[in-house]
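Order of writing sets the labels: A, B, C and D. Residues in every chain begin at 1.
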Amino acid sequence: MALSDQQKRDIAELQSQKNSTKRVTSEELEKILYDAIPVLDHGFIRVVDYMGDDSSIVQAARVSYGKGTKKISTDSGLIRYLMRHRHSTPFEMCEIKYHVKLPIFVARQWIRHRTANVNEYSARYSILDKEFYIPAKENLAAQSQINRQGRGQVINGEQADEILNMLKDDAERTYKNYEKMLNEKYDGTVIDEGKAGLARELARMNLTLNSYTQWYWKTDLLNLLNFLFLRADDHAQYEIRAYAEVMLDTVKKWVPVAHSAFLDYRVGAAEISAKGLSIIKNLIDGKKVNFEDSQLSKREWNELMSAINQEKLKV
Amino acid sequence: MALSDQQKRDIAELQSQKNSTKRVTSEELEKILYDAIPVLDHGFIRVVDYMGDDSSIVQAARVSYGKGTKKISTDSGLIRYLMRHRHSTPFEMCEIKYHVKLPIFVARQWIRHRTANVNEYSARYSILDKEFYIPAKENLAAQSQINRQGRGQVINGEQADEILNMLKDDAERTYKNYEKMLNEKYDGTVIDEGKAGLARELARMNLTLNSYTQWYWKTDLLNLLNFLFLRADDHAQYEIRAYAEVMLDTVKKWVPVAHSAFLDYRVGAAEISAKGLSIIKNLIDGKKVNFEDSQLSKREWNELMSAINQEKLKV
Amino acid sequence: MALSDQQKRDIAELQSQKNSTKRVTSEELEKILYDAIPVLDHGFIRVVDYMGDDSSIVQAARVSYGKGTKKISTDSGLIRYLMRHRHSTPFEMCEIKYHVKLPIFVARQWIRHRTANVNEYSARYSILDKEFYIPAKENLAAQSQINRQGRGQVINGEQADEILNMLKDDAERTYKNYEKMLNEKYDGTVIDEGKAGLARELARMNLTLNSYTQWYWKTDLLNLLNFLFLRADDHAQYEIRAYAEVMLDTVKKWVPVAHSAFLDYRVGAAEISAKGLSIIKNLIDGKKVNFEDSQLSKREWNELMSAINQEKLKV
Amino acid sequence: MALSDQQKRDIAELQSQKNSTKRVTSEELEKILYDAIPVLDHGFIRVVDYMGDDSSIVQAARVSYGKGTKKISTDSGLIRYLMRHRHSTPFEMCEIKYHVKLPIFVARQWIRHRTANVNEYSARYSILDKEFYIPAKENLAAQSQINRQGRGQVINGEQADEILNMLKDDAERTYKNYEKMLNEKYDGTVIDEGKAGLARELARMNLTLNSYTQWYWKTDLLNLLNFLFLRADDHAQYEIRAYAEVMLDTVKKWVPVAHSAFLDYRVGAAEISAKGLSIIKNLIDGKKVNFEDSQLSKREWNELMSAINQEKLKV
């Protein structure tokens, strides 16, 4: 993440603001507001605005004036109750806006979450930055042999170097040719005054999917938690998980009670099917159960055993 | 609108908050934050939270750090450009939350706007207030003879009194019977200690559609403007328009530049069809045009003439 | 449910259609297409259109030409896998449209499911039918003493008769006054030729919430299952559950494999929290557990024990 | 567009289906159902399912049994009325599903339309086809000098050849390296038996944005028309417009009356601002108007003059 001096000054200026408001504020989140938190090699996450805090969830649930009872224990109990029973609408009453710099292939996964507002940097208008995601060596994993969607062992040695070189060289070359087509360098210098440049909306097609883009992304707390449930999970691709984990920290600062309930009732929870519950019942009753008689697929059986042992299953 | 003393104290307490924030604030909106602005006979609108201001629209459009250029003329030009060309996503970056007290038949129109977050007072849990909307005499209009969805002349005299009496009596009676079924009065007094009360979720079905309900309603600026375009319009039913007009005032305080662009490019604008544009061209060229040769329906013709003369058509 | 002779003829005509199509068809659903299935005292559900079947879920999951493998066992395995892992988008590829007649207080719960398309009968344009929901005696339940949102014991005897009479009388009276205000009877007869009628959009406010309305409601299979998960559940109000149960039957006819997976992995499943899983582990290991040491609330404890015993908890 | 022999057989088999249904069918659309209509150099559009036709719009608007009046002139009048007045919900009652093969940079614009259901080919699971979009020479336009988002003159001669060569070479090379990283060719051949392949979810990041992907995309008619209004417009990037124009043809086959109303009232229409209407009024009244006194920006003035002359403005 290389912020320009101008960007650093702009952030410093935003952070020096001290406005007076009658709105509820989240003290811990205010402390990191506008900060550019690094993610991956050139990316970042910034919280740039928010609305509401834990008390807004309670207020909506009570649809009443004021803050209702002020005993935090009670408010906390209510939030935990709402989370447990999937009473979802009160969590929609909090809103947050992020500024994110991320590789395009990550952006393509992210955008599938439709209930959000997005303004992305447009490569029809402007030239993209000369920045590409190159994985760190420890993240250079082989295709999993057991899960078509996962990663296996880390690739080492010469093969790793070859791969990293290919990624770097191809990104560099396609970017250089992007500039040639545009007849303009990323800093605005015209390359050949005698030539026209290719339309930006066309030239961009030569870039590789690890090029960085950026956007403002705004959503409500309910949809953010749904996003994090999927994307901060072990099954998510490492690169988007890196963003999700940073965002989960910002949720903790923003709405600590909702965050804690989310960990207990969603992240740490398991959904057990009807057949799975029968097997659990038999286990508790001291009966013997085994895969062969379970009517479960091998995969389901493994998932059930993992849930009982509260292990995240590596599939 | 009869706020209880407790409610008044709660509002006063909320308004006495003075939190420090690094977020942008809207000074004019802060002044009326939490205020209960009366609408109809017992309803109100309260702005209870918001996020962003005009500068947030600009910031999203620029997807850049800081505030971009600070010349307001330029920011204003950009917002007007966005509004004119229906570049909608930057307007989604501002969010507002209202607390509204409104008759159920108005709530039923309102809820059709799906892109919003809602927490409504639940008559499954709690007893509804003893408040009904009774129109003022000047709003007691006859069915329009020319528009199946509109109002005609005001009904006066004895017939008006009869109607108002029916509305009042029926609301009173059905509410009294609601209490009887519940075996509980609206203030919590049990009517007959020896009896069970009917489940609230059932008893409520006896109430009339002019009973008041209330909700928190949260949406982004784009969807709010779409709501106001339809509901602050002359063709909207008077009762929902009364709410929309108050909300339009809050938009003016919140995002004055977007508000002004909205009036010019949406509210005051007209969409002219391909055939309509041909007729306008002929008119400008001094050619004669008339309804018979226009290929328009009578209604389309009238709408076109009204647009040209910038009269709101009363249909 | 009183269909007019005209309506019966219209339905018969629709059902006599025999169109040829290259689209996939659901044979069992075709058999009941357009049928008016009775719900409550005057309501109904009709399936009026649909798109896709179980194979469409599979096709989308495979994003491939043709039907992929034709072994149904494999297709069924894929659908069960998708359901178990909440891979939701393939279920969005099927669409269904219902015509529903339902009491307004039920419609108000129903409409909260926002991801659907709706066209409702408009009481601004037209006069509502003279039909009200009056509960059957066995559904006349008292307010639950333990759950603020539930029903307790059935109310019997004289009190039941009183309640039913109030409901009937009030609905009749308010409807009669609705006609008086309109100066028009529900069959179109003008009452007093010398008078104007009150605008329909105003007169409707005098109706009670058990008046019947109707709408076309269209949604995709994913959102339909989410609706049914909540509304066919024991915790849902009986009156909306009556509709959900009929719809669940139509789902069985339409997409039998998805329906069966839904019963196993959603309806019959339980979500067990992190703490709940620990308790289960202890139980299986033969350790003693009790409420006092569980760190659960009483309600959570009860819910956990019910899940283990696969009892639906009556709260 | 190179369909494999297997794909051609699958399509032929789908098209040979002859199912009987009571649903409404669209005869013209049935004729092209499942056809792969070529777009750009390797892309295609296929209509793979649909629900409803023009009569479904009418039916929803009438919320009545049967088809209402059968005089097509009346049905057509109603659809035109709905389109003109932006009564949008009846158009949501028709649904269509496309199978689309398209370059990734086009997919990134397309996906911004959120109200749709999508299942995309996953490059986490599977290897992407070896196909890239290379523009035809006549579409190789320079960056517009007057519009930051547009295209100017076509680039010819040597410079064009250079650009095309860069696009081809870079796509070929990055794809070859993609295969090397995967240690697997696009046809499934393992390259070096002694090596592991890089995880697919990682290797894909080396591909360029003109690589082709494919998806099922399903939406309702209202949202489809909104998509086409923006994407079949002159201001849209040529490459997405190529898809939109083919889709507009499928709309004509599917719902001819709605299609015609769409052309008249949306595509051929112009939205004239309050100030623009004043100027038109003055023009009709024979008064002189000029840019200097108009209070419009230069761009607004040009847009107004273009609208009056029904010319699409090239900006």
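Definition applied: a contact is a pair of C-beta atoms (placed from the backbone, for glycine too) under 8 Å apart; a residue touches a chain by one contact, two chains touch by 3 or more.
Treat the numbers as computed from the prediction; the structure is a model and nothing was measured.
The set of chains touching subunit A and also touching subunit B is given as C, D.
Within the contact network of the assembly, the step distance from subunit B to subunit C comes to 1.
Work out the mean CA point of subunit A and of subunit D, and you get 29 Å between them.
Here the spacing of subunit A and subunit C, counted between their Cα centres, is 34 Å. Listed for subunit C are residues 118, 122, each touching two or more other chains. Put simply, subunit B touches subunit D in their complex at residues 77, 81, 84, 263-265, 267-278, 280-281, 283-284, 286, 297, 299-300, 307-310. The residues of subunit B lying in touch with subunit C in their complex are 103-105, 108, 111-112, 114-115, 118, 122, 124-126, 133, 135, 139-144, 148-153, 155, 159, 162-163, 166-167, 170-171, 173-174, 177, 180-182, 195-202, 204-210, 237. Residues 6-7, 10-11, 13-15, 17-25, 30, 33-34, 49-52, 56, 59-61, 63, 65-67, 89-90, 92-93, 95, 97, 117-122, 214-216, 218, 220 of subunit D are the ones that touch subunit C when the two sit in their complex.
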